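What follows are several structures.
Shared between the two complexes below is chain A, which has chain B as its partner in the first and chain C in the second.
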Partner chain A sequence: MTITTNDSQVAVPSDTVTVIIDGVAVAVPKGTLVIRAAELLGIEIPRFCDHPLLDPVAACRACLIEVEGMPKPQPACAQTVSDGMVIRTQQSSEMARLAQEGVMEFLLLNHPLDCPVCDKGGECPLQNQAMSVGRPESRFTEDKRTFPKPINVSAQILLDRERCVSCARCTRFAEQIAGDPMLELLERGAQQQVGTAEDQPFDSYFSGNTIQICPVGALTSAAYRFRSRPFDLVSVPTTCEHCASGCSLRTDYRREVVTRRLAWDSPEVNEEWNCDKGRFAFVYQTEGRIEYPLIRENGELRVASWPEAIDVAARGLAEASSHAVLVGGRSTVEDAYAYARFARAALRTDDIDFRARALSDEEHAFLASLVAGSPVSVSYEKLESAPIVLLVSFEPEDESPIVFLRLRKAARAGTRVVSVGAVRSKGSEKVAAEMVWCAPGDEAAALASLPADILAALAHSGAVIMVGERAALSAGALSAVAALADRTGAALAWVPRRAGERGALDAGAIAGLLPGGRPLSDAQARAEVSELWGVDSLPHPGASGDALLARLGTVEAAVVGGVELADYPQDVRAALERVGFIVSLENHHSAVTELASVVLPVAVVTEKAGTFLDWEGRPRPFTRVLRDALTMPDAQVLGMIADAMDRPVGPSDVNVLRAELGTLGPWRGARLEAPRVPVGPRRDGLVLASWRQLLDSGVLQEGEPHLAATARPTVVMVSDATARRLGLTETATLHGPAGIVTLPVEIADVAESVVWVPMNSPGCHIYRDLGARPGDIIRVTAGGAL
Partner chain B sequence: MAISETTRTGLREIADRYPSARSALLPMLHLVQSEENEITVEGINVCAEVLGITPAEVTAVASFYTMYKRRPVGKHHIGICTNTLCGLLGGDAVWDALSAELGVGPNEPTPDGEFFLERIECQAACTHAPVMTVDWEFMDDVTPRGACEVIEKLRRGETVRSTRGPVIRDFDATEHTLAFPLDGLADAPSVDSKMLAGLTIAKQRGMKAP
Partner chain C sequence: MPELPQAVRGFGVTFTTMFKKVVTEQYPEQKDKYPPKPRFHGRHQLNRWPDGLEKCVGCELCAWACPADAIYVQGADNTDSERFSPGERYGRVYQINYLRCIFCGLCIEACPTRALTMTNEFELADANRADLIYEKQDLLAPLLPGMAPPPHPMVPGTTEQDYYANKITGAVPEQFTVEKSESEGESS
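Up next is the complex of A and B:
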């Protein structure tokens, strides 16, 4: 379990006290709980409600111990130490032993003996502690209390009330950690039970954590319930592939099929939590996979052998005289590096970009000058101790949920959170964010005229500015952020949404940048890389971003890996249709495979080892989970193509790729200039604001209906004043160049003359349905049929 | 029934009385009950909205306290104390008589919606045991026959007074007083010589707590 220690307290001797537990003296910081002090000595006191990351509540009474001088047993989870305190646990005190045995007997009175069919059976703290400190036999002969079972506290989370021991871990998690107090202890006495309001389910982005911390089997998930026994599972520590938060996960599988994923301990990153997307969205890994290589013949894809498909791919690429490479933002560092190397060394082009989303040249300059290859400067820990965190174009709860949890922890301890944006969202409220109101597109102007108190706070040591990837949509925003950080001295963090973006940037999977943030235009950098790759020369700086997408229509061949065309605001499909030869590395059929000449199936995260760089820039390596899978990672497939092209690029083994990156290391030479894009013109009219919600129509969430049912409803959010002005009541219709979208209206805390819709949710995909991007002027009319 | 604008205004007014708005929840729930005759989902949601807390947090409170009803009470709430002292001194007999008279068991409304019967816990009125409450007004030293007569009078629409003075109105009216205790109706005399007898003797004899 995670114990967050305050280093300064440990370091100063006067702040420690000495206590004697079971005859052994131990010095601990003042204010330490007895149960933690005992843990330091390896003495295990039973517990259910106690959790190091939740406030003490002493609800279950399982941890009663004897404290010399106190007449009655005390709960070790709520009793703080004092100097000279003499504590006796069940190991040395008959009073404590009897008290614990008695409490255990009470807790078991109404607990069913359904362990053989309970999901928790085999990994259950109640089962284990009943064995270790309980009575061997119950004296209770009456009928146990029963409830209809189970009930849904959300579409995903099920509750078997008779199993609950009222420890309040789930309700405290909901309130303290997630900030979603939609789960409560209801009723009283023998009827006390966990529940929700009648018409508001526990639709928290973090709800799955309650299952994991439930010390009995009361909370289970619709996805996993009755699927397997814990002792039949093989567990592998992994890293989450869903966003740039970088959560440690435990992936459990049985017979080569993943059955569930849990948050794994990583105090420096996700502590012990993860989000529901990371926990439940993994069905895509098994369902609808492309199993065999495919080649297009007479307009149709047909199954081919690997040698044939590689041969066709290699020939097609070798014959083409111009190439482009698109890498989705979900690649591992090693795979992204393989794409970067393949593009330059085998295809001899620098026309490569990993940004499968709205982007800008300004962003490229920002990343090249301030982000690529930089060591960790802003960390989760730094967020927690920051006096102020300024968020720009960034909605942590939706776009990087573990950043949100840490910000919430920080805000609860006094960190000031300021959000520059158009919506005071639910997530903003939960971190008590102050708003610097601005419509999308006006961020640069807002940053240039920040209130003096915020500017002063940003100059304090430890201040942090976090900017999201959506800033690329706002001309001048990233330039203004860079200038602000420079002026105030605040530490700067760029937080992309996808897990692979930071890694792909550092691996050089973007035009103009070689691995480690090396500018392709720098002779020294070129020399280092060409020597490592064993090539005579490297291509001239190529096109990225919009220029690359514009050039797509003229290149003869393209290599596309893990890209959803619908994620681009512009019509990339039309450009790709003009490309004569496309090699698609994919695990599911997509708009790209529809156009591809060759489709090469590649491994998903469970079938390969790799590394994600989280938003901090912290490497989050993971090992392969499923050993029997026959799929190959992108790097290996690219290596085979390069060999077949007779332009070998070096070994493709993940360890070698890591070693190569390690050899290069980060660039220490001169960096490219930070962007200086001026503030864009002010626009008149109703401005569209949007971001992707955590649970939406993302392709990696497919096949998990219970999770999808906990997503937030698709609505239009406007301020009360704007709604009145436009006459919006029940529904509103947005009119974009590509079409219209009609959605229910929700009055919310939104900037005037701004209308917000989700970017990619059921019923509203703004690029496809509206043909509009955040920051565009949009026409909205009242009414419309849903 | 829907929560009226008057009630919504009242709820906001109560919330404003407290430095920490959340403290207002108990009287607010009484106000909801005075209009809805029970705690409805809408009532829970309105309280949550006014206080800026979640409906689950309101539900937790509303389901903890037994004075908040989650089914319609009807016109009059009849409580009979059957705790040890009242029970022994006749409360059990009063309960049996009224239960037979009304034809309902504990926590049940009569089919005509006139009465709701509840076994209540100690009301701190043991001096006058057994006690019955009608819409939370005391009927002291009640007998089975006296209790039935109260019911008869209420049925006939006659004026019934609490043994301590106030006129019985109905459940909803009492709930309104609980929400707004400063309406001038809450100050009935509540102490009599019987209640003070022990204190009087102790004073006469100069007795002191050890």
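Up next is the complex of A and C:
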């Protein structure tokens, strides 16, 4: 657990007080809780409700201690220290020992003691503390209170009420941290229990954390319940692959299969929390994997041996005279670097891009000038102390959940959050965001005419501007953001959605940029990299983004790694169909493997070591979890192809790749120009707004029905006025070039003449179903029956 | 008394034994004549409730207790359409490796539902290793008259607790009418 002592306070002697705990004096900052002060001395006071990241409630009374001068035992978790206080814990005070014993006996009165069948057994604070400070025997002979076995507080979270010790950790988490106060303590006395309102399940994006902090086995997940016991598991600290928040996780596996994932303690990033996607979405790692290399023969894929498949891939690539490389945004830094190196050194092309989503050339210029290879400038810690955070085209709760949690923490402490966008979403409400209303596409104009008070606030030191990847869809938005940061001096952070995007950018997996943000057009940068790679020359700057996708139709061969074609707004499939030879590095069958000539199965995150760069630019390295897996990471497969092509690119071991990146380091020379795209024209009509919800139809969330059942419903959000103007009541039908979508209507706080739908949720995939992008003008009619 | 030669003295033992009660058991010809003692630790059995549902809940405590690491259990969820035991879980895979088992009976003591007991069956020999890993269908108690083969629902109107309180006396007609799937766990 984190000890939230404020270091700067420790340094100032006037703010510290000295207390004596069990005869030992300790100096701690004023306002420190007795339980924290005791921890500093290594004295463990039992506790259930106390949690360093939650406000104290003193609900369980397990932590009673004796304070000299006070007639009754005091709860150590709620008692703050004062100078000269003399405290005696169970170690030295009979009063404290008896008090704790009594509380423990009370807590166990109604506890079922079904440890042998309880998932928490073996890692249970109640078990442990009952052994360390409880009475050896119970004097209770009456019948215990029972409840019917588990109730669903959500589709994923199950509650065994008789195990609950009413510590209110879960309810406080829901209210204070997640901002989803659907869990409540109901009833009184022996009947006290945790519950939800009947029609409002605990569908929070962060619900899984309550399982982890519940000090007993009262909360379990449908995914893990009865699957294994803590002592069966091998635990490995890892990093989450689902978004750019960069959470530290603990992955537990058994018999070479991952059984659960937990949030791991990382005070500088995710504190002790994570989101449900990171916690529960890992079934894809085992189910439906491609097991063997496949090669296409007479139009059909057939299983081949590795040497044969590598041979075919190498020959096909060597024979082609033009190449393109698409790297999905999920690769590790090392793998992305391997793609970048393979493209330039083996294929001798610069036509490479990691952005498998809506993108723009403006974004390329923005990333090259301001983001690639730059050190951490905005950190989580900085967010927490920022006077103002301006969000542009960014919906933290859906697109980077831990950023949302930090913003919420900051907002509760007084940070002003301003969101430039079209929807005052549930997430915005939870961080008390002020809105600067603008339809998607008009962000640049809105930023150019920000209210004076926001501009003034942005000029204060510590102010932060966060821009999401969706800004690429809005002409001029990124230019305006760069200009605004420049003008006000506010720190700027670009927050992509996928875990691998920032790393791929810094690894040079994008045309025109070499590792560390080196411009390919710079002679010195070229020299540094070609020397390291041992090549005579590097290719000329190639095509990225739209130009690359346009060029796809004309290249002879392509290497595609981990790309979901449906994530592009363009019809990339049609272009790929014209490519003669496609090598696909994948772990599941996809639209790309359908077209590929060679499919090479690669390792998933649990089967390799690697690093993700989170949105801050902070490296989040992780080790391999499953040591017996026989799969190879992308880097190794690319290395084998390069060897077979007789154009070796150097070793592919993850440590060597890390070392190479370390040798290069970030670029210190001149950078490319920031983009200066003018504000786009104003458009008339109904504008489509959209983003990807955290839980949606993403391929990595497959196979986890309980998680999917906690996702938000797929609805159309419009403002009351717009709904009335369009005559929308129950349902609405959106008409796009590619088709129509009919969904239920939800009246929400949405800008005038804007309709919002989720980008990729069940029943609404805007690129595929509508053929429209956010910012497009769309026709909406009152829909019929669903 | 003069000493008899060693050889003759040796035959003396043989000679007197000829008049003693025979203790040799004729196995296998007369094996029924000498049954093992009632508490002899023999092959395991996975028991059933009187209506045929399985007692095992797939908790793996037996596997944990086993000092020889002979047991492998994999639990799964009972569903409304496919129920093998009362309550939430049942043992989907259940294996005991008799090449490892030392017949200590610790697994029996660990089992919280009395699902696992030991029979007196001791003829556990085979000519190959694979067949000595007994699967669930080899260990399940036979269906007695009045038992319906799972999967089938619990006796209507009863709860899991009623089973543990021994309130179930046998299967009711509704439990027989359920469509049977070709799943494992059927006794043959």
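One rule holds for everything that comes next: the second predicted complex is superposed on the first by the 784 of 786 C-alpha atoms of A that agree within 3 Å, B and C clash if a C-alpha of one lies under 4 Å from a C-alpha of the other, contacts with A are read in each partner's own complex, and residues count from 1 in each chain.
Here, a residue touches a chain if its C-beta (ideal position, glycine included) is under 8 Å from a C-beta of that chain, and two chains touch if they have at least 3 such contacts.
Predicted model only: the values in this text are computed from it and were never measured.
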Please work out whether A:N274 is in contact with chain B alone, chain C alone, both, or neither, and reply first, second, both or neither.
neither
So, A:R229: does it touch chain B (first), chain C (second), both, or neither?
second
Can A:P116 be said to touch chain B (first), chain C (second), both, or neither?
second
Touching partner for A:E198 - first (chain B), second (chain C), both, neither:
first
After the superposition on A, what does A:T259 contact: first (chain B), second (chain C), both or neither?
neither
Contacts of A:S400 with chain B and chain C, given as first, second, both or neither:
neither
Check whether chain B or chain C contacts more residues of chain A in the superposed model.
B
Tell me which partner A:R188 touches in the superposition: chain B (first), chain C (second), both or neither.
first
Footprint of chain A on chain C - complex, ascending
57-61, 64, 75, 77, 87-89, 112, 160
Under the stated contact criterion, what part of chain A meets chain B in this complex?
180-188, 195-200, 202
For the complex, which residues does chain B have touching chain A?
41, 44-45, 48, 53-60, 63-64
Using the touch definition up top, name the residues of chain A that touch chain C in the complex.
116-117, 149, 225-227, 229, 232
